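In what comes next, chain A is part of two complexes: it sits with chain B in the first one and with chain C in the second one.
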Partner chain A sequence: MTVRNDEALAVAPPRAIAALLGFAARIPWKRIGIVVGAYAACFVAFAAFSAWQGGNPLTLVQTMLNSSMLNGDALVQTLLRAVPIGFAALAAAIPARAGLVNVGGEGQLILGAVAATGTGLALGSQVPGPLALVATAAAGAIAGAVWAGISAAARVWLGTSESVTSLLMNFVANDIMLFLIYQPWKDPAGSGQPQSRPLPGSVRLGTLFGGQLNIAVFVLFAVAIGMWLVIRRTGWGFALRVVGGNPEAARRNGLPIKSLLLSSMLAGGALAGLGGALNLMGVEGQLQPGVTTTFGYIGFLACFLGRNDPIKATLAALLFSAIALSGNGLQLVEGLDGSIVNVLLGAIVLTMLAIGRKNGERI
Partner chain B sequence: MNIVGEVLTTAIPGSVALLYPSLGELISERSGVTNLGTEGAMLAGALSGVAVTIATGNPWLGVLASLVAGAACGALHAGAVVWRRANQLASGLVVWFLALGVTSVLGSPLNGQVIDPLPAVRIPGLADIPGVGPALFDQNPLVYLAYVAVPALWFFITYTRPGLTLRATGERPAVVFASGSHPSVIRFAAVTVGSALAGLGGAQLSIGIVGNWSDDMTNGYGFVAVAVVIFARWSPIGVLIGSYLFGAALAVSSVVQANGIAVNQYLLDALPYAITIVVLVIVSGFGRSNAPESQRDALSETQ
Partner chain C sequence: MPDQHHRTTTGSPPTPTLEVRELVKTFGTVRANDGISFTIMPGEVHALLGENGAGKSTLVKSLYGVHQPDSGQILRNGEPVTIHSPATARELGIGMVFQDMRLIPALTVWENVALHLSDTPFALRPRALRARITETSERYGLATHPGRKVEHLSIGEWQRVELVKVLLGGLDMLILDEPTSVLTPQEVSGLFDMVARLKSEGVAIVIITHKLREVRQIADKVTVLRGGRTILSDAPPATLSDDELITAMVGEPVAILEKRSTSAEHATAEPIIGLSGVSVRRVDGDWGLREVSLEVLPGQILGVAGVAGSGQDELSETLLGLRQPHSGTVMLDGAIVELPAVARMRKAGVIAVAPDPIRQFVVPGMSAAQHAALWNAAGSYSFDTRKADADLARRDAAGQLRVVAGSRRMDRLSGGNVQRALLTLALTSPCRVLVASYPTRGLDILTTERTRTLLKELCEAGSAVVLISEDLDELLTLSDRIAVLAGGRLTGIVPAAAADRRSIGELMTGKEAAA
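After this line comes the complex of A and B, so read on.
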């Protein structure tokens, strides 16, 4: 017995080291180096651009972190803003599995917010709280799905490129919202501001932990994990990947391609619509111009950075949310133009695009 | 002035601002690269046009700058797509996003600064045609250049050797390679030149029409250009028709507003985009697409 134990002891350390070495060898160090280097290069380029614009490159990172992560309030704001961006990212990620490009996240977010406003204002005081809450969020999801469904239907039955139609429909959606808040839905008590009446309290998301945080961000995380499971573990998710990966194989195997394409886009649109609704119910409280301010596009880029994977896309959305939010800090502290963060966002995605190939994989 | 003349006078310059990016997109797509960065190139062109005009006092240097700025955006997109084989749609959107950020930052000091737009040059004789004369022949030189650009591009891609190579690159890059040209080089050049034209379209907006810079002033024109090329079925003549259709829709809405007819402004604003989408859907419903072969993947037209 003792001999055996000694043997085991004598053998164990080298094995552990070998395992560690094996693990270390499996980590793609070169790849990590390239990615880290690319992010660093983006920040350096961004710092240089900011310095040119009169910012201080030495305090830049500190300011950005302070205004997005390093204190409780800022972190909460980052999480709140991640909701529309994250849902828009998921809205692009699901159709992307089937090979569809949904660039319409912006419009779907807007219409989600519009439908939620209409439903919330109509139901708010008449229907019991939880029901009104669910109906409002559902209305947003349905509106987003319908808006995305138009592009999907044109694609499936008429062969129109869904990327172009969904992109152009963003502009139509924005004009619809502006029309509503400038005329029929204009708040009479809004002192002339183009905005809808505020949602009644019964359809507002309550705040958690005594701060501004609400449940929407947890819904986002749950949906992201759910979508990850749906894509990995269900027949529908698998069929989507087949259609996206090899349409010919899907056709020959008798997969219902049209309904798969349609359903993926409808699901994506519903997610974006839900995001728009939750953002309205949680943060905005009323419809007003710039209720989305390019969150839909940022979400598309986040989806791209996350390689169409729901969880990675959501994490990318968190990163982008933090970057987008740090624009406020740059404006207040460094006196830079707030939209300078779009430069950083664009630079990061462009760089990742340029280095984004791994084993010939294209995203 | 009668209402038709009024619509035309507004429509022509606006259409030209869309015509240039559409022609640019056409060149790019004929080589096999979709460029959603057209919108970004227009923004860059619009801003640099105004900035250089303010700095030098010469609007023609502004026009030149807009070409260069547009080309720079195109080179960025082409670099990612051709050299690094990145996803075309994503890369185009990123280029737009980058241009949106950069122009918004660099342009903020210029907000509200007014410059003299390019002067109209009246063509004697033709401009006196009743009705359409002033609308067509009393415009700035960029508008006249556009009249020439469409037939010139049509002739170039239909009847010249380089035009044939350009088309072949979009259809069968392997054949082009076998015949001794480099598809990558041709694509890079096509995207860059196309984007330069998009920059010119931006200049037509900023220094040709309104005479100032405002944030995000292109308002989706570059994306509409992509749609125009599709429903033009990749032909310059179709692009001409598509651009003028969009321009007319745009002009109708602004003339309706100017005449105080009570229709909501924002519904009218949506009209050009809605018309573009509807026409695009209808046109693509008829028959086989004649998109360049390598474009069918990019626009996910495979089924």
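After this line comes the complex of A and C, so read on.
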């Protein structure tokens, strides 16, 4: 008996198994456990809250999944909704690499939509289709960049906090849009509603696969991957990380800190502006109050949840989009208030904040 | 005030003030103290000698109740004791002055003392306390101003307040953790006078140091630690040679760099950088540098001495083009440069060993190879981490400073490893001017000697070196000329061959050199 035991100890496990064991050892199981547990805890807390509000916690998850992912139409809606949220998340993620906090995604989305409306209405019927399409989207990006650039310039040359200015400028952006749709751009055929004229078809994004899906979703994914590569594989991305990680080290290495801060914020603003324009061209079709409905802020939270990583932030945007849409199902099927999903959203963000701090990470 | 009840019986040998037997303290898997034994007698100055990480600080923190040892015994006047906390230690008559001084800058001297004393009444009696402070200060020759705010004190006075604070508590054993590293030579001799005074009163003194000179100067006994173990216990230093002590500390003999033979042959060379009448304001509005004029010559080591905060950092930042001077001109190769001009200075071959690498060099989340890539890019946007990784290995072979692997994250390294990485990059880069701030601070003896050799070789290859250091011996050994700063003013530039500790020390206190 003892002999056989010794033999068993002496025999090395086959190489494949050893490799597998080594791989398994390298997976941060504890970390994964914490994150999965945290999400589960959020859902349990949310279910309890829903039950208190009169919902049925047992059918809750099924209802939420049905109304966000499990049928084709719902999935398309989730993907479409993820476009503005995802671009707003990227708009926060790029400046975050340089240590800047861009809370202005909302305003940059709005101004992107405003600029796209103006350009689309002006060019749509006069310029050949593809050119007008590109010009409309580009106008949105430029407007978003300009809007973010104001906060960045104030930070670089006046020393004001970009998080405060970009946040406050959201309200200004909203007022600009309201002014335009109540006054100069008001649709004469809109039966008195404050809204712009609808964009001409030549500057609308066509639908794909016979449904409502449009190309904006794929643009978002492509841009997210592109940004991930830019951050990791370019000198600009590397320099941004140095500035964000230790500005004093950047200064001592002779990096142009001002232009790095400015360019990161401009890039972020351009992405949000593009998102606002694409959302308008693909889904909304005309400027109206609530064209963004806090997508900019949700995007900011998505960026936070994705730890400023472009791809993770975009995935987080998808998750938040799905959660937001599942509110519809809860309202229709469970008879709950649709905005109850904000409880889940808040719980997730707060929980991630807590476990992030606990692991001593920079947030 | 010091408790003298241990001098009781006549004839029999006196009871040790403190005896440590087989003390063990582990942190996780690290055995910081691994069976340490030594004995301190009343009226004895006992030096604890060892490299960084040898376990000296851990040991004295166990004696002062900051750490609880895992096993082993502490005997106080022959009785086994357990020291639960610093408060227990103070009740037992043990006082300690920490390396990182523990005063509250916003409070006055007497308020800080009141905080420390256990017999402070609820309603403070400032006048009585101030009188006590003055009395103790005078008795031990520790000049202090009880009414001044601590933030306005010099480092030397800050330390004297610490000492007064500890002495007022009453003690018969005093622990000093690297007390001399921040002091001018004059302040060091003042401190040693106080130590002698305490010793004559029968107080036992434990002094942590890694300077052999100090061991020779004041210690009656020396205990050498290495890797958490006692290598030498309770040895009289006079019976040991420097080589024996260094071998005990390091584990192998180390060749200590000879004093450089300096000459005036470069004196006619054109200066690479020249400052004339440069004044720099600090962020807090005070003057960092005042009317400083000096020349950085190729093939020379210009030492810069001064107590901490005398303008060294402002000087190095001006030389590196990081600061805009308030007035005065900075010349690079004979042409006036408008500062700040970091990229221009860098392009001209001016590089640095930053005074505070953790704050000024380490980028959180980035690997050593990425730091090398950042260094190699020299202000441009072309970062090649893979090439930099190979480059770092090549530099390590040249520098022999035992740098970590390129894949290691810098923000997770110890201060010593960060310093080695920075030194490897700085000392193996071709350059015209190297501004090295405290290059050997916190390094072990082997790396220190290697660093000094590399500095010397750099200078022999024709580079200019500006060596800013708190270690006067280092400055005297390496420099051609020594510039001395006091309160932002240049109080003198003296040839190292003609300088000694005393003359430099006088300049450090602000006395101008006789022109």
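To be clear about the criterion, the second predicted complex is superposed on the first by the 347 of 363 C-alpha atoms of A that agree within 3 Å, B and C clash if a C-alpha of one lies under 4 Å from a C-alpha of the other, contacts with A are read in each partner's own complex, and residues count from 1 in each chain.
Definition applied: a residue touches a chain if its C-beta (ideal position, glycine included) is under 8 Å from a C-beta of that chain, and two chains touch if they have at least 3 such contacts.
Values in this document were obtained by computation on a predicted structure and should not be read as measured data.
Trainee: Using the superposition on chain A, decide if chain B and chain C clash or fit.
Mentor: fit
Trainee: More residues of chain A in touch with chain C or with chain B?
Mentor: Residues of chain A touched, chain B against chain C: more for B.
Trainee: Given the superposition on chain A, what is the angle at the CA centre of chain A with arms to the CA centres of chain B and chain C, as a multiple of 10 degrees?
Mentor: Given the fit on chain A C-alpha atoms, the answer is 70 degrees.
Trainee: Taking the superposition on A as described, I'd like to know which of chain B and chain C A:146 touches: first, second, both or neither.
Mentor: Neither partner.
Trainee: One more residue to check, A:245. First (chain B), second (chain C), both or neither?
Mentor: A:245 contacts chain C only, not chain B.
Trainee: For A:34 in the superposed arrangement: first (chain B), second (chain C), both or neither?
Mentor: In the superposition, A:34 touches no partner, neither chain B nor chain C.
Trainee: Kindly classify A:255 by the partners it touches after superposition: chain B alone (first), chain C alone (second), both, or neither?
Mentor: In the superposition, A:255 contacts chain C only.
Trainee: A:236 in the overlay: touching chain B, chain C, both, or neither? Say first, second, both or neither.
Mentor: The second partner, chain C, only.
Trainee: Going by the contact rule set out at the top, does A:340 touch chain B (first), chain C (second), both, or neither?
Mentor: A:340 sits against chain B, while chain C stays out of touch.
Trainee: So, A:127: does it touch chain B (first), chain C (second), both, or neither?
Mentor: neither
Trainee: Once both structures are overlaid on their shared chain, how near does any Cα of chain B get to a Cα of chain C? Whole angstrom is fine.
Mentor: Nearest C-alpha atoms of the two chains are 5 Å apart.
Trainee: Just to be sure I follow: which residues of chain A are touched by chain B in one complex and then by chain C in the other one?
Mentor: Overlap of chain B and chain C footprints on chain A: residues 362.
Trainee: Which residues, counting only chain C, touch chain A once they are in their complex?
Mentor: 320, 322, 342-343, 346, 352, 354, 359-366, 370, 373-375, 377-383
Trainee: Which residues of chain A touch chain B in their complex?
Mentor: Counting only chain A, the residues touching chain B are 49, 53, 99-101, 103, 154-155, 157-165, 167-172, 175-176, 178-179, 182-183, 247, 257, 294, 297, 300-301, 304, 336-337, 339-347, 349-350, 353-357, 362-363.
Trainee: Which stretch or stretches of chain A touch chain C in the complex?
Mentor: For chain A paired with chain C, touching residues are 235-236, 238-239, 241-242, 245-246, 248-256, 362.
Trainee: Going by the contact rule at the top, pick out the chain B residues touching chain A in the complex.
Mentor: 36, 76, 79-80, 84-87, 89-91, 93-95, 97-102, 104-105, 108, 219-220, 223-224, 226-227, 230, 264-267, 269-270, 273-274, 276-277, 280-282, 284-285, 289, 299-303
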